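Below are structures written as structure tokens.
There are two complexes below, and they share chain A, which is joined by chain B in the first and by chain C in the second.
So, the complex of A and B:
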């Protein structure tokens, strides 16, 4: 108890020192000629703009809340379906990976084109929630104590009885934990959809509108408001969770789509794999047909192929896309690698010096729930519009989730394994080399899979808002030129890119882990 | 009670495939537990005792051979509510209180709980948990949880009772107490009982006969009859004839 209060006091003291330093730096205009205003200046700007905020916050909340409800409802139902039916899980795999990996900003413009009003925000917020809650539901159900199921089965209980009496209730803590993580994602989704246009109100719209004005105080204020919203959403869900389950549990966002590794039956397996690949395209096509959006604006898969390969303008479109890819790809890879490397090193350092985690974890957890869009304009202000801003944004969005995952993984290294080498007098470095590093391999891969979509999102947001290069800029430009074909093409290309990245990591992961006789984490 | 409420296994085999090994969990096993009898299964780990129980509960299917419980297919007997079961580690649902956990089989079988309210109260009294009806499993001691599991296994008034190491997780002292209670409960209910256990003294104390199993492949080694009179008192644990029977079972376990 005493250490607990001491730790809390330390955290408070560190925060106080941090704030005072920030105030001094801000007041003296030490960073990029006042791009980093002092906390007091930010609060003053917030107070000045106070009257502007309510409609924006309300609009973002409306989209985020509706998306949260719809997305999670679909996610829980889908999770139950996938947990019950392995075939459904394998068929849905392609769709799940696509929804996990897609950079929300890439499809934000096409949502704005296809839907109207609040719908784009709701859809993007729902997509932000879907994967987290869906995989939490599956994890919860599949981790149900087998013995409880045996009791139900021993009385001849049907599959439905097992679900109703045991599994859904047993999965509740996992589902609630999923909702908690999904809540800030819904806020982020809504804000990103506002970037795509459509609607005067919303924090995202406000942010875009304020970008041109040299008013760092206001940008910081908007960032603060967005972060506050995400944190409040997280907090409310955590409260509900604590009330229902009397505990909040740590969440690892699962980065594995369900539906893997069964006994192999070549023909059926190939068919299911093909179906799983085709399903997202089929849904895309079907949705457009059902909504009857004009073909000029809403491109079907065939429309995109036509635009990119068959139409007279195809060569031009191809070269623009390739040029953008050539700018975006290296940045994504470098940024992701750097973010992961920092995270890995810091996580390892925290094994040798556990104090680092204790001091750092609260900040890392807060930033994990912070919408990264809130960060971007601020980094732009501080770092200018060169390529370095892309790298910093990408590193900052990949670093925190990777660090949290790796630190959790390393803390789960069994005491016993460490004690064996310690008993032979191993130094901390030897312990790292012989036990901690090999044991953290599965977590490193999980962190990488988590980082893939975030890195691409980070790069594209930076390109869109700051540097005017790459896929992000191509998307933004095409919006301005009403080049619908290119908008759809960029969206599809970036989703495919994320999925391909993800699959490559997955293949390497399987190879490596198998050769070490390990299983994927989560 | 007619003869049909017994458990019968005929030439039952069950194998499990590993990565590149096949484990013959049960190899051509036959066993007949007459109605109203108490049979204990004992044997080293991996001799197939739990497999046998899972087959008789309808949780698993044999590769060959037939199993009947009360003259029916095991899954059918389970759906008809003829069987009761208690597992090792109680396997209670942490979100259900004591009364609700005991009532679980009724929910599974789709029976009205209101009609069995008296039974539940009686069972709670029988296992000595009166006053704890509303307690959650997390608030109970290990022994109390195990007693809830026993009460749950009896709530359907089963003709056939399966007990899978129900006291395996308890310490020796508590285990003795629970053995005495189980005997008391069994004498009242007279259900055909199959007990899987690791404890020689527990098997000899409770059963009419002890079936000693051997592993690789899983099979029945010997059947030791226990002709001790009932009700058996705690003093019997120190009696010479009890020790003689224990030694006989131990020898059979060693493969003699």
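So, the complex of A and C:
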């Protein structure tokens, strides 16, 4: 107990040192000639603008809440379907990965083109929730105690009875943990759509109006409000969870598709794989047909193929897309590697010097919910507009989820294995090298899969706001030129790119883990 | 305003008294009409706000729905999708869409006779003309890069001698000297710069050969045919709103502080600056929204410089004649 209090005191002390340091740096205008405001300046701006906030927070809450309810409802239903029917799970795989990997920045303009009013906000918030809750539902159901199912079966219970009486109840803690992780994602999704979507209220709308003021205090204040909303959403879900399950239980975000162990049937398998690939395209096509959006602005899969390969302007479109990809791809790979390396070092540091890392955590959390567009001036002032700004933005958006995953992996290393090397007198570094690092390999892969879409998002945001290169710039320019074909093409290309990266990581993961005799972590 | 409402009301009663409810519907119910603005609510749209508040649209028999814009809102898309009847656009993108994609647009008026976009810099490091940009860093929204390239070409400046970087809505990098100049609405950003304790200097692209309108009033050909009466009514009421607004540009923004401007995060002083600065760019001999033959010719010529082959037929001045 004494060590626990001491540890807590240490964490507080480190966080306090960090805040004081930030205050001094801000007050003395040491960073970027005062573009980094001090914490007190941010609080003063927040107080000054207090009257502005209620309608914006309310609007963001509305969008996020509707998206949270709809997204999670769909996610739980889909999770149950996938858990019950392995064929459905394999068919839905492509759609699931696409929804997990799609960069919101590329989807937002398409949503605004296709829908109107609150719908883009709700959809983006719902997409933010879907994957987490869907995976949590499957995990929960698949971890049901088999003996309880046997009881239902022995009494002649149907599949529906098994589901209703046992599996859904057993999955409840996992589902609730999923909701907790999904809640902040819903807030961020709504804010992103508000930023571009043209509504009058919402923190995102407030941000776009405030950007032109050259008032960093205001921008950080909005960021703080967004962070606050995300934390409260997380907290409320955690409370409900604790109330219902009477025990808090950490479930990290699973980033693997559900169960793979089965007999192989080449023909059926190929058909299902094809179906899984085709399903996202079919839904995309169906949705546009149902919406009745005019062909000129809403491109179906056929429309994109036509634009990119058949139309007279296709060669020009292809060369612009390839040139952009050539700029974006290398940066994505380098950025992802750097983000993971940073997360890994931080995770190792959290083993060796936990106090410092815990003090740094609250600040790291703020950077995760702070809208990047608000930070751009600061970043270009500090880092210029070359590759380094892309790299840092990418690191900042990738490292956090990767760190959380890796730290969890490192903390779960078997004591026995550590004791063996310790008994032979190994130093902490040798312990890391011989035991902890190899043991955390499955977690490294999980972290990499989490980092894939975020790295692409980071690179595209940096390209759009700071460097004017690559896919991010192409997307923004296409919006200005009413080049609808290119807007859709960039969206599709970025989703495909993220999915391909994800699949590559998955293949390497299976190879490596098999050779170590390990199973994926999820 | 009161007078006309009363008259309307009175005649409505007369209609009811004469037990002709059907006629009353047809004659007096307001026609729904939706307007998509090109940006968030600021002084750029003050005339429409005033017209709405003063009931000019209602007087013309319109029930107006006003949609605000934003970075992801492409105004032209809204009218193609049928979500709005009329919108404001930049002429280069609209005409490019007509020429390249066969988009069914007609430009029926122009809010800004002179495009307010220009090169803004700090007085202590002034960029007074295109030639001054050589060797400098200029931030431009990706959307406007072609306009800047046209202006440079017309002024005989090699585009490769100017370092063009993206502009992300925030003037901080300009104030801090990270960039030398930025492309923005000259009616707006100098205010922010002066608030930050610097002096700003600017010139319009218009004055260096890029002679285009901005916020061109655009409808689809279909709407032009089917809702001509409503379009005329909208422009009539809007013109009255703008004329009223420009009687004293400092008077109207404070009236909108708690309504139209609520929650935008911008200050009323900023809107007054904007409203005052845009007056000379909007006023025209033929009245607000006018498109003179010379001005259309100048647009066609400037757009040709960026490879957009605008034609006279893309502009339809017949609505203006009915105002």
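Heads up, the rule we're going with is that the second predicted complex is superposed on the first by the 479 of 522 C-alpha atoms of A that agree within 3 Å, B and C clash if a C-alpha of one lies under 4 Å from a C-alpha of the other, contacts with A are read in each partner's own complex, and residues count from 1 in each chain.
Here is the rule we go by: a contact is a pair of C-beta atoms (placed from the backbone, for glycine too) under 8 Å apart; a residue touches a chain by one contact, two chains touch by 3 or more.
Please read all numbers here as calculations on a predicted model, not as lab measurements.
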Contacts of A:169 with chain B and chain C, given as first, second, both or neither: first
First, second, both or neither for A:491, with chain B first and chain C second: neither
Which superposed partner A:147 touches (first chain B, second chain C, both, neither): first
Partner chain(s) touched by A:56 [first = chain B, second = chain C, both, neither]: second
Touching partner for A:385 - first (chain B), second (chain C), both, neither: second
Touched partner set for A:161, first chain B, second chain C, both or neither: first
Residues of chain A touched, compared between chain B and chain C (which is higher): C
Residues of chain B touching chain A in the complex: 57-59, 75-76, 78-81, 83, 85, 87-89, 91-93, 95, 104-105, 107-109, 152, 156, 162
Chain A contact footprint on chain C (complex, rising order): 40-42, 67-74, 76-77, 80-83, 93-94, 96-97, 100-101, 103, 141-145, 164-166, 168-173, 175-176, 178, 188-189, 192-193, 195-196, 262-267, 270
Chain A residues touching chain C - in the complex, by the definition given at the top: 32-33, 35, 49, 52, 55-56, 108-109, 112-113, 116, 195-201, 205-214, 216, 218-219, 293-294, 296-297, 313, 373, 376-378, 380-381, 385, 464-468, 473, 476-477, 479-482, 484
Touch list for chain A against partner chain B, complex: 145, 147-148, 150-157, 161, 165-166, 169-170
